[in-house]
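There are two complexes below, and they share chain A, which is joined by chain B in the first and by chain C in the second.
Coming up: the complex of A and B.
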C-alpha cells in the first residue's frame, strides 16, 4: 500500500528514541488493529460492570452484566452490524455511503407496501431488497461512471430516498397494519430468544464477511482499489465493477435491516434510520477503517458497533443523560482516529 | 524534544482513549446508593426533605425527542416527585423522534428491572410489545403525554393532555380575543394524530359556541418555524382581513409570529399558540402572541411517579382492581391545559415554578397519599 495522502513529507531521523513502544509491538498493533478496540471494549465493559454491581437478584451480578441487559443489547448491535458490514466494504474501497439510513427507510416502506398489497412475505422481502440493490447500483454508477465524489453522490441518493419515504408517509401516514405472519418474521423466538434470527443472521454475516474479505480473491480487490486505485487498474482489476458492487452490497444489507425493522416494529415510518449513516461510519472508523480507503476489517467494524452500543447502554444504565451520551460518543470517535493517525505516523518514523 | 513527543504519541493516544472512557464512566456516576431494604423511613412529622434517596427503588421516565424544551418541565416534575418520595429517578430516551431507538432503550431499561417505568411512546404500535414485555417482567408501566392504548397494550394507565379538549380551550380564548366573529386560520402538521385532534377541537368549538368565527384554512408548518413562517405569510396575503391565528404545535406560534412581524401585522391579528417554550413566552411579552395553551407535563410525571410508588407500596392498585385499603389508579387522566398570557407569564419562566403556580390540588393529594405509605408500616408495628 502506498503512503496515505496525509503523509508528512520527510521522516525525521529519530529511530531508536525511547518511546516505550517497540517496533514489533507497533507492527502488531498495525496489523491487528482490532487489539486496541478489544482493549477499550474490555476496559469499558469491566468499568460498567464494576460501577453497577448489584446484590439485587433481579440484576445480579450487575446492572450492566446481567443476562437480560446483555440480551437487550444484542438487537441494536445486530442491526448495526448488518449495515456496518456493507459500509465497511465501501469504506475499504475508498468510498463512502451516506444513503444507508434512507435506504433502510425506503426498503422498509417498500416491504410494508408490498405485504399490505400482496400478503405474500417472499414478495415483500424481495421488494425491500430490490430497493436496496437499485439504490446501491445508482450510487455505484454515479460514482464510477459519472465520476461524482462518493460523498456528494450518496448525499444525493440519501436525500432522494428519504424524500420518497416522506412523500408517502406525509400523504398516507405511516404504513402499518401488517398481517401477524409478517410480524412473526422478526418476533418468532428461536432458542427462546425473540430476536434470534436477527442475531444469528448478523453473526453469520460478520463471520462470512470477515473471512471473504480476508481470503476471497474477488473481495480482496477492494483493498487494492482503496489503497491505490491507479495501481489496481494497471494490474488488471476492473475497478468500476468492483466498486459498484461494493455499493450494491452496502445497499442490499441496509435494505435487509430495513425489512427487519418494518417487521419488528410493525410500522414503516418516515424517521426510520435517521442518523444511521454517521453512526455506522463512526463504528467502522473506531474499528480501524480509514476514510481514505484501503484499511479496515469486518471484525474491526463489528467490534466498533459493539463498543458504541456498550457505551450507549452503559451510560444509560448509569443514568447519564442522552445529550451527554452524544458528547461521549464524539469524544471516543476522535480518540480512536487520533490513535490511528499517531500509529501510522510513528510506524513511518521507525 | 519534538521527536520524543512524536514517539510518545501512540502511547499518549492509548492513555487518552482509556482515560476518556474512564472519565466518562466516572462522570456518569450518580450518588452512592445505599443498600437498603424496601422500607424507607420517613419521620412522621413531615415530608421527606432529605437530598439523598431513602430507598433503593428507581423509577425511570423514557421520553422521546428528549432534546426538546417541552420535556424540561416533565423532567422537573419527575425529579421533584422522586425527591418528595425519597426515591431515585432517571430521565432518558432518544434525543430525536426515533421510536425504534426508544424501543431499544425501553428494552434496556426493562432489563435493569426498575421499580416502575413512565414512558411517552414515540409511536404506540412500535412501543406496545416493549411495554408489554416490561409489564410481563413485573414492572408497572404508565404512559405519559401519548398513550399506547389497550387492549393491545398492557400499560396500567395513561396521563396526558386530552388534545381535543385542549383545542376547544384554545378556540374559546381565540374567539374571546376577536370578539366572537371573523376569519381565523390554524397552523398545524396535518396527519399527526394529536395535532389533528386539537384542530378538531378548535373547529367544533367554533361551530357550536362561536358560529361567527370561520376557519378559512389549516396550513402545514411541518413542525418547523421557517416553513410555518412561509406558509403563514402566504396565507396572510391571501386573507388580509384575517382576525385570528391559532398554532397547535410547540413551534407553530413562532412561525406565525415571524410572519406577522415581517408583514407589520403584529398585534393586529390575534394569536393563540401552544405550549410554554421560552420562545413563545418571549413573544407573549412582546405582545405578538396573545395567549398560549400550556400543557401540564410537569404534573404528568409528578403524579406518574407518585402513582407508581403508591402501587408498589399498597396505597394504590391497578385500575378496576379491588384491594383492601388501596385506591384504584384512574385508567386515564386528562391533565388539562392552562392559559398563559401577559398576566401570568412570569410563572412559566422556570418549569417547576410554572407548575407550582398552576397547581392542581387533586394532583398534590395523589402525592400526599403515596407518601402516606412511606411511613414505617404503622399496622405492622402497632
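Coming up: the complex of A and C.
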C-alpha cells in the first residue's frame, strides 16, 4: 500500500475549470444581460403553450398561443412599456419612482376634466401631460435640491396625487361622458387592430428610448450618475439637472399612459394605476436594472414587461387565482435578482 | 532567570513572526517580524503603503495573513474576526472612530455588553453609568458617562474608544494615527493616559507619521518600508534623522524623475485670500506653467479642501481666483473644467472612478461633449481617445472595454489620469496621486506628472508622502491648521523643514534657512 517516497502527489481535483460556467460565458451574460430574460421568456411561452394545448378551433393551437389571446396581451404590455421606459431611466440614475401609478390616475383625471370643460382634445392631452411633468419636477427637486431619499420623496408624491384623485372621485364620482372624438383617440383602428396606435407608440418609444439611452449624450450621463454620483459630479456632469430630468421623463411617460387610459376606458377612475409602480419596478429589475443604479437597458425593461404579462396571462389561462399569480411573480422577481447577484460574484472570483 | 535580573529578556506579550500578505499582485507584507512587551509603548512608523495598517488589520482580525504566525502570551493565535481578536485582548482604535454618535459615553463603552437587570434583560442604567464612570476616572478623564458622544470633542471621543478597549480587558492596544485630529493640549492628555496604561502593563502599538510625538512617547520604534521590517531601535539610541533615513531607505535621486531646471513660465493660476471656514482661510498662492508645486501638510490641514474649492466642488466663503491674469468665477466642476482646470481626487474608488464601467467610458467621462456629435455619443471617437491614452499611460489591460474594477490599483489610477488627459488641461490639481499603488506604478505617475509639467501644465500636487514631495516638486507650499504656513524652495526643501512648517514651528525653519 505504501507509495514510494518520491511519488508525485495526487492530481488536484479539476473542479474549478470543468464545473460551472466558463469565464467567456459569464462575461457574455453580464454584457448582454437580456439573454437571460429572453431565455426565461422563451421557456415560459413554450410551457404555457404546451400546458394549454387545445383542439377547440376558437383556441387553436392553444389557449395561450391562439391569435386572439396574444392580441389581448398586447395592450397591457404596451401600457407597461410606456411607464417602464421612464422608470428605467430613473432606476439607472440610482433613483426610484413610486409615484407613477398615482401620476397615471391624476393625469387621466386632469385630461378628463379638461376635455369636459373645453371640448378641445389638444388642451386635454396637454393638461394631462403637464400634470406628469409637474409631479416629475417636484420629485426631481425634492430629491436633488432637498436631498430627500427618492423612496420617501416619491412615496410622498404618490400619496398626494392619489389623494387628489380620490378626493375628486369621492365628491363627483368617476369623470366620464367624454365626446366620441376623444374616445376615438384610443379606439380608432389601424390595420384592423383597435389598439394599434398604443402598440405602435409603445414600440417606437421602446426603440427610440433604447437608442437614446445607449447613445445620446444627455442620457448617457445617467449611467455615470448611477455608477458613482460623486465621481460624476467631479467629472463635470450636472448631476441635479440630469437627475431631475430623469424624474420628469418618468412623470411625463406615466402621464401619457394616463391620458391613454382615460380615452380608452371612457372614464377617469380613482383606482387607475393602483399597484402599477411595483409591477413596473419588478419588470425593470427582472430585465437587468439594479436598484443601486448604473445598470439596465430599455430593451431589458421591455422584455421584463413582456415576461410579467406573459406569466400573468398564462397562469390565468391555466385557471390560477390572481392571489397565486402574485406568489409566482414575487418568486420570479427574487430569483432574477438572486441570479444577478450570483453572476456578479462569480465574475469577481474568476 | 529571576525577576529583576538585568540580563533577563522581559517577557514578550505579542510576537509576530514572518507574516506575509498580498493583495492581488501587490505584496503588502513580506515576512515581517514585530514584538511587543507588556508595559511598553512601541511605535510603528513608515511611509504610506509601507504595510503598517495591513499588519494592524491582521492583528485586529480584519484580515488573514497568507503566511507567518502571531503569538499572544506565547500561544499561537489566528483571528478570523475582529470579535475573536478583541476577546483575546487585542483592541484597535482606528483613525476613523467607530462610535455611535447618538448614544451616551457609557452606552458606547459597553456597547452590546451593558449590565442588565436580571430576568428582565433591560439595561441597568445605574450600574452602567457607575461602571463607566469608574473606568473614566481610572483614566483621569473628566467626562460624564451620560454625555452624548456626538456632542463631545474628537479628543474625548478617542478617550472613549480607549476606555472601551480597556473595558474589554485589553492587553494590547493599537492606536492608528491617534493624534491626526487633536490639538497640542489634547495630545498631552492622550499621552498622560498612555503613560498610565504603560504603568498597568498594557502593551501599546502606536502608529504615527509624526516623529516628534513618537520620540516623546515611545520606548521602541520599529520602521516598516515596502512591506518589510527594516529595523527596530530604542528611542534613546537614535535621532529623528536616522529614523527618517530608515523610512526612506534609498537615495531619493534614483527614485524620482529629473527636474528640467528653471522652466517655470507665465503664472497660470493665482488664488487670493480663498477662505472656506472652518477648513481653511486666507489661502493665497500662484501656479506657473510648467512647474509642479507640492501642497504639503498634515492630514486635516485643509489641503484637499483648498483644491476642491479651486475646482468648484465646494463653494468658498470668499476669495478670488485668476486664470492667466483674468478673474474667473468657478461655481461648479463644470465651470472649472471649461476653464481647463482638472482635479484628481485622493479617493479614486469613491470619488474618481466608475468602477463597474469600461475603461473607455471612464476616460471620456469628463469630455462627453468632445466625443459626441449633435448630442449623440460617437463610439469611434471614444475608442480612439481611450486607446490613445491607455497606450500613452501604459494601462495594462486586454482592451479598453474591460471593466475598471478588474484592474490593479496602479492601473486604475492611470485610468483616472486618462480621464483628465482627454481634455486640454492647463491647471492640474492632483490629490495624493500615488496613494495605495505599488512602487513601480508610483514612479510611472511621478514621470507622468513631470512630462505634463514639461508640456506647460501647472500642477498642484497634494501629498502626505514627504519623499514624494521633496523628490517631485519644484516648490513646496505647506499648510498648517487651515492656513498656509510657508513656502520652501531650492535647498530649503527638506523633510525636516516641511515637518516644522506642517506642525506649526515655522519660526525654526527661518533660522535653518539662514544658517
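As a working rule, the second predicted complex is superposed on the first by the 331 of 350 C-alpha atoms of A that agree within 3 Å, B and C clash if a C-alpha of one lies under 4 Å from a C-alpha of the other, contacts with A are read in each partner's own complex, and residues count from 1 in each chain.
By definition in this document, a residue touches a chain if its C-beta (ideal position, glycine included) is under 8 Å from a C-beta of that chain, and two chains touch if they have at least 3 such contacts.
Just so it is clear, the structure is predicted and the values come from calculations on it, not from any experiment.
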Room on chain A for both chain B and chain C (clash or fit): fit
Larger contact residue set on chain A - chain B or chain C: B
Partner chain in contact with A:267 - chain B first, chain C second, else both or neither: first
Partner chain in contact with A:218 - chain B first, chain C second, else both or neither: second
Partner chain(s) touched by A:233 [first = chain B, second = chain C, both, neither]: second
Touched partner set for A:32, first chain B, second chain C, both or neither: neither
First, second, both or neither for A:176, with chain B first and chain C second: first
Touched partner set for A:338, first chain B, second chain C, both or neither: first
Per-pair minimum CA distance [chain C against chain B, superposed on A] in Å: 16
Contact residues of chain A, present in both the chain B and the chain C interface: none
In the complex with chain A, residue positions of chain C that touch it: 311, 313, 332-334, 336-338, 343, 345, 350-357, 361, 365-366, 368-369, 372, 375-377, 419
Contact footprint of chain C on chain A as seen in their complex: 215-218, 220-221, 223-224, 227-228, 230-238, 294-295
Chain B-facing residues of chain A, complex: 12, 14, 17-21, 26, 29, 36, 39-40, 43-44, 47-48, 51, 55-56, 58-59, 63, 66, 68-69, 71-73, 75-76, 170, 173-174, 176, 187, 261, 265-267, 269, 271-272, 274-275, 311, 313-324, 326, 328, 331-332, 335-336, 338-339, 342-343, 345-346, 349
Of chain B, residues touching chain A in the complex: 2-4, 6-14, 16-18, 20-22, 24-25, 27-30, 35, 56, 66-67, 90-100, 103-105, 107-113, 123, 125-126, 128-129, 191
